Each structure stands twice: as structure tokens, then as C-alpha cells.
Amino acid sequence: MEKIKDLLMQHPFFKGLPKERLDLLAGCGSNIHFKKGECIFKMGEESNHFYIVRKGRVSLEMDGAQHGPIRVQTIEEGDILGWSWLIPPHKWSFTAFAVEDVNVTALDGQCLRRKCEEDHDLGYELLKRFSAVLAKRLEWTRMQLLDVYGANA
Amino acid sequence: MRKESHLVEETVDPMVPRPFVVRESREETRDAFTLTLEPQEANGAPAFEPGQFNMIYVFGVGEVPVSISGDPRQPEVLVHTVRAVGGVTRALQKLGPGDIVGVRGPFGSAWPVDKAKGKDVVIVTGGIGLAPLRPAVCQILGQREKIGKFALLYGARTPKDILYREQLGQWRSNLDLQVRVTVDNATRDWYGTVGVVTILIHKARFDPANTIAMVCGPEIMMRFVVQELIKERMREQDIYISMERNMKCAVGFCGHCQYGPNFICKDGPVFRFSDVRHLFGLREI
Amino acid sequence: MKILERNNFHRLFDVLKESGFDIIGPTLQDQAIVYDHLEGVEDLPEGWTDEQAPGKYRVKKRNDKALFGYVVGPTSWKKFLYPPRQKLWSAQKAGSGFEVAAEEGVPQKMAFLGVRSCELAAIAVQDKIFCGGSFVDPHYKKRRENVFLAAVNCAEPKGTCFCVSMNTGPRALGGLDLSLTEMIEGERHYFFLRSGSAEGEKVLSRLPLKDAEGGQQKKEDALLEEARRHMGRAMDTRDIKRLLYDNPDHPQWDKAAERCLSCANCTMACPTCFCSTVEDVSDLTGEHAERWRKWDSCFSLEFSYIHGGNVRQSTKGRYRQWMTHKLASWQDQFGTSGCVGCGRCISWCPAGIDITEEVKAIRADQPARAESP
């Protein structure tokens, strides 16, 4: 628990959160290891966690029918994985795989949602941080859509 | 304009190409290939600086500008990586050893490799944009001790579109060169990073206050990359970009490649971002 | 200053021809005064003048028999120095390769007769483009070195003239071999002549001339001063580079684009516009190839093509490119304006777009700038 708190304190995502809030968050945290090739979560399933990737690479995938699964984004060391826990209906939008052995700190979304409802200031701080992650992802997705290196680009 | 003053020497026509022999044509990706050319005449290939380009002529078909992508430390050959997208480039794709092409050049401005001495260097490229930066990478590696941290960040469309795979692997094995490659999307046989090239910038190690950035790729991609570099607190005058416009003559006569007051063929293609930032966001410029 | 009587004017043709020049000058063709090869005085548009206004050019008879009583027409000298279509080289297949033969044709010596001051300025501008930079165009240079420039001072500017604004006229000053001022005083018809070079001096020395008397200089001065005061148009060029650089999104560009047909007439008629395209061609056997250079225009859509599309897709983008280049970026590129105030782009625009009015409109809503000291 202390270790998780230290980790959160050092992570830029949580920068500026007061100590007692970090205590709250750390209370919902646990360290998990995923083996290479292991599924971390599946599209459509209930989303009750988010992860801070501490080591390794995670891929977000969509099933491209005749193309098979398509990797649309990788989440790597230091990145935040998963926002579906925060936004109803709390279902994963993508499937996540461990491309290599992955260590994450998982934060319990159910527990966090409850704490956020009780403490709107905490909720606001978290939403602010996750909307930055989402905005970034949206920007990247738009760039991918432009297909700037494509045959007709 | 009296003749007397010009009698000293006959003006060489910069529009006349010199013959070069194709020594090797090598497939890089499904639509890109690399030509190695040797001069047909005995007087050697012209020296070039990283970032410069040549005009390559296919007999009876036409001429295109192509950046030089070889190692400036091996000036005896000309190396060009070409993407087959039009009539002339497709004709170039069909050439093999022994075939002859015409070459004019080298033309244009160079990457500021000299300015990078004592500084960190971050190279951000996308797609075929790696080709004009390969000479700069080679030159920097040849004088590695003069440069601080060195990062090469490269984005491609899919894993199949990655240029110079073998060489990227060799470069990656250099402990003092951070090579990061990402693709816009991939299937499961790709274990590397997926995402646009800008995601690599934040993770590269360099000191924004003491870094030279060299950026080359499609204009939209460069726009995002420059934005990201500035967000990382790099200064506009330390960022260099390579621009593209239509080009017919490469010597400033045809007017096609104008970019504001600049002729891409002689004032570019490499520009200091702070010198062109007022043009960079303008539409139809 | 010397005097050549009208009845001796044919001697100028004789002397130029004897000196080996192909004489090119104004002549009436298809109801316009154009530049073409001249055999003698009779080919000049004697007794003709022109009327010009935005989108309008008409020739009409004069009340006198002036030889140079008009201004500039649809052609300019650039077509002789920088031909609209020019072979740069040819190549022949040889073994696995090919051999290139440069186009070496030695151009004939040309004498341009009747060059106006604005046109001298235009030639000087093109000299900078083709001979003043790190690369020299040998095709232009060869022609240019063999040209004799006989200028005519403009006494009667027309409706689209604004050389005074561009500081290029009406008096022909530098860069000429000979200058003429046509004088008609009742029955008397004569020319003031000056030489501007050793070559010009040689020509003068072979003409039946009289010395001008004191007081005659005043007559010429008065004539040209009168011309100076009768410009059809004016352009305020103060800080014009900044004005255009600062206004790439001015609504006036949209207004101009609503009228502009993107027809490229202005660029073809302009004596300084130099854009070209390069075409590589081959014959049907595939054994013989040639490279040609042709005039091109920034008003064509393909002009800005790069893989994936055209950079300047709208007429607005193209008109803005043309005018901003002409009046602003040209200064950065060549140290001079690209506009010499000849008015051709105004007269020959089918929509009558007037570059002086466009500048005025953009300037109209600018905050007043402090006068530079």
C-alpha cells in the first residue's frame, strides 16, 4: 500500500493531488502482472479498473473481421490504460492484450466511482486528468484517420 | 548585359542531366524502392549534404525531384529512395542494373548537422520522410562524440511500410541512439508501438532547451510534430522541417515551388521553422 | 542630345540592319499593336494609337502621323528573350543509355525598337531572374547579350498606365543603347536621340543627325512632365510588402476571386512573369527525346500539384499568390518589385480586374501606420 502510494505520487498523472486523496486512491490499488499474450480486458465487458502501466507494452485491439484483430494503439510504460470505468455504461471499448510481460498497478474503478460520488472534488480532479487522456487519444485517432502516409495522402 | 563581360566562360546549362548507371534497385516496401546510381562518366558523383535532392530523369518519360538518401561518407554512389506514385517514379521502379538515368543536382539546403554539435538531436520522421533524413543520421553517427543525446523517432503507416528495416535494427543496437518506431495500425504479428509518431516525442530523452530537431514527413504530420515539440518546450528556431512543393526546374527559374518568398528548390527544402512559421499555418500558400 | 528628322528615320532601320540586327518593334496586327519583326518604317503603326481601360483595349486612328503614338500592347519583349515555347535540349538513345545534345543555336542579334521605360524595367527584372542568381539560364543569357535596346520615351500614357507609381517611367533612363523622343510640332516631325552605350554611340555616329539647340531640352522635359502628370492609374506602394504579407486572409481576395476567371491572361501579358513548366517528350520510336520549356501560369490548377492534390485549389488562393508574389515576395526574391506599372494585366483581364484597385481595397481598412522616418 505504501509502495503504491509512492508510485502514484511519482506519476505525472496524479501530480498535484493532495496527500490524503492519494491515500484514498492507493487504497483502491493493487499490483498485477500479465504474461505476454494474456488478455487484460475484453471489449464489451464490464470495466471496473484502470491501470498504470509500470512495465511492458499493452495493445488495444479491434476485430477487423476479414482483417483479423487490428492493433490501433499501444499503451506503454508510464501510460494510463483504461477510461471506460469512469464513463457509463462502464464497458470496455477495446480489447487489451499484453504484447510482452506487463506489470501494472490496477485501481479499482468500482471503489473509485463510489469515492468520487462521495467526494466531488476528487471526482473533478480525476475527470480533469482523464479528459486530458481522452482528448489526446481523440487527437491521435484523428491523425490516424487522416492516413497521412497513405497512397492517396 | 553586354557579351564582353561574360566571354570568360560558357554558361553550363543547369537543365542538362548527367548520365548515371543503375547499380542496384532494391525493394523497400510495396511501393518504395532504393536506387543506387554510379556516374557513367569518370568524374565521380557530386558531393552532397544531407537533406539535398537531385532531379532524376528517365529517358523520354520525364524528371522528378528525389531527395538523396545515401550516406554522405560514401560519396562515390548516389542513393535514392523513391516512392512509386506517378508516371516517372513508376518508370524508375522498372529500372534495373545497367540502365541509365539522367541526374541533375544536388540542389537545395541541408539539415543543420553542424549546428547540432554539442547539442542533443531529435529526428522525427514519417513515411518516406525517413529517406531524406538517413544521410543526416549517417553523418551524425560518424561524429557521434560531438552530439549529445540522439533520438530517431519514425512513424509508418503499417509494419509493411517501414523503410530501411535492417538498418533501423543496426542503429537500434547502438546504445547511444534511441530508435523508436511506431505504426498507425498493425496486425498481431507486430510487437512494436502502435500510434501516431507524435506519441514518441514525450518519451524520447533529450533536453528541449539544448536540442536541434529535424522533422520530415507529410505537411499535416509535421504540423502536429512541431506543435508537440513546442509543447515539450523546444524553441522554434531549433526546429527544422523539410517542405515539398511542385518542382519543375530545381534552379529557381520555373516558379512552381514558391512557398511565400521562398523557392523550395534553393531556399529549401530544409527550413528553420522560425523562418517559415508565418507561412506554415496558411492555406493554399 | 541629337535630332533625327522624320524623313531620315528610315536610316535608323538601315543602320541597324547593316549592323546585323533583326529589328523587332511595334506593328499593327489583328487590331492590336504587337511586337514583331519589322522590315522598315512602313511596318510601324504610323498614325495609330490605342485606348486602354480595365478589360478594354482598342486601336484607333490619330490626327497625326506619329510612329510611336501609343503605349504597350498585348505582347512584350519577353517573348523574344524568353520564348513561350523553347527546346532546351534533345537526346538520342545510345546503347543502354542516351546522349544529350544541348540546344546551341546561336540566336540572331536582335534590335528592340520602341522599348518603353516600363519595359526596360521589366527586362532588368527578368535579367535578375535568369542571370542574377546562383544559376544562370544560358538560353536567356545568349539572347539577352545579343540585344540592342532602342527605347522610346512615353509622351502619352494611357488609361491603365502607372509607371510613375512604380518608379519606372515615363522617361527611359538606364539599361538602354539608344533612346528616342518623338516630337511633332505642326508640320515638323522629328526625334530627339541619345545614346546609352558604346553600341548606341556607334549607331548614332552613322545617322544623319543635327545637334539639338539650347531650349529644345526644355521641350522634351515639358512633354515628359506632362506625361508624368497624366498617368491613367496610380498605386500607393508604401510598405506594400508588409501590407500584403499581413493580409493573406483579407476579404478582398474573395471579392477578386469572384470576378477572376483564372484564365492566366495577366501572367501571359505581364512582361515580368517568368513561371514555366518543363516537358519531357519522346517520339514514337522511343529513340529520340526532347526537353521543352513552356510558359506556365500560377493561375492554372496543376501549377501547384504535388502527390495527393493541388496546393492552391481555389481561385482566391491563386489570385492571392499572383498578386502577393508580384508586389511583395518578388522584393524578397529579387530585390525589386515584380510590377513595372505597364498596365497590361488590367487591360487584358477579361473581367477588368485592376491590380491598383485591389491594392487600394486592401489598404483601405488598414490601421494607419506611423510614417517611417
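By written order: A, B and C. Residues from 1 in each chain.
Quick note on the criterion: a residue touches a chain if its C-beta (ideal position, glycine included) is under 8 Å from a C-beta of that chain, and two chains touch if they have at least 3 such contacts.
Not measured: the values here are computed from a predicted model.
Asks: Per-chain Cα mean versus the mean over all protein Cα atoms: which chain has them closest together?
Replies: B
Asks: Please flag the chain sitting at the greatest distance from chain C, going by CA centroids.
Replies: A
Asks: Could you state the distance in Å from the CA-based centre of chain A to that of chain B?
Replies: Those two chain centres are 37 Å apart.
Asks: Give, as an integer number of Å, the spacing between the C-alpha centres of chain C and chain B.
Replies: For chain B versus chain C, the centre distance works out to 39 Å.
Asks: Just curious, how far off is chain C from chain A if you go by their C-alpha centres, in Å?
Replies: The separation of the two C-alpha centroids amounts to 67 Å.
Asks: Tell me, which residues of chain A touch at least two other chains?
Replies: 153
Asks: Send over the residues of chain C in touch with two or more other chains.
Replies: Not one residue of chain C touches more than one other chain, so the list is empty.
Asks: Residues of chain B that touch two or more other chains: which are they?
Replies: 85
Asks: Along chain C, where are the residues that touch chain B in the complex?
Replies: Listed in rising order, the residues are 88-89, 91, 93, 96-98, 100, 102, 127, 129-131, 133-139, 141, 144-147, 197, 199, 245, 248, 274-282, 286, 289, 291, 293, 296, 298, 303-307, 311-314, 316-318, 320-321, 325, 328-329, 332-333.
Asks: Please give the residue numbers of chain A that touch chain B in the complex, ascending.
Replies: 57, 59-61, 67-74, 76, 78, 99-100, 139-140, 143-144, 146-151, 153
Asks: Inside the complex, what are the residues of chain B that reach chain C?
Replies: By the definition above, chain B touches chain C via 1-3, 6, 10-17, 19, 21, 40, 57, 59-63, 85-86, 98-100, 102, 244-246, 248-249, 251-256, 258, 260-261, 263, 266, 278, 282-285.
Asks: Touching chain A in the complex: which residues of chain B?
Replies: Residue list for chain B touching chain A: 31, 85, 126-128, 155-157, 161, 182, 184-188, 190-196, 198-199, 203, 217-218, 220-221, 224.
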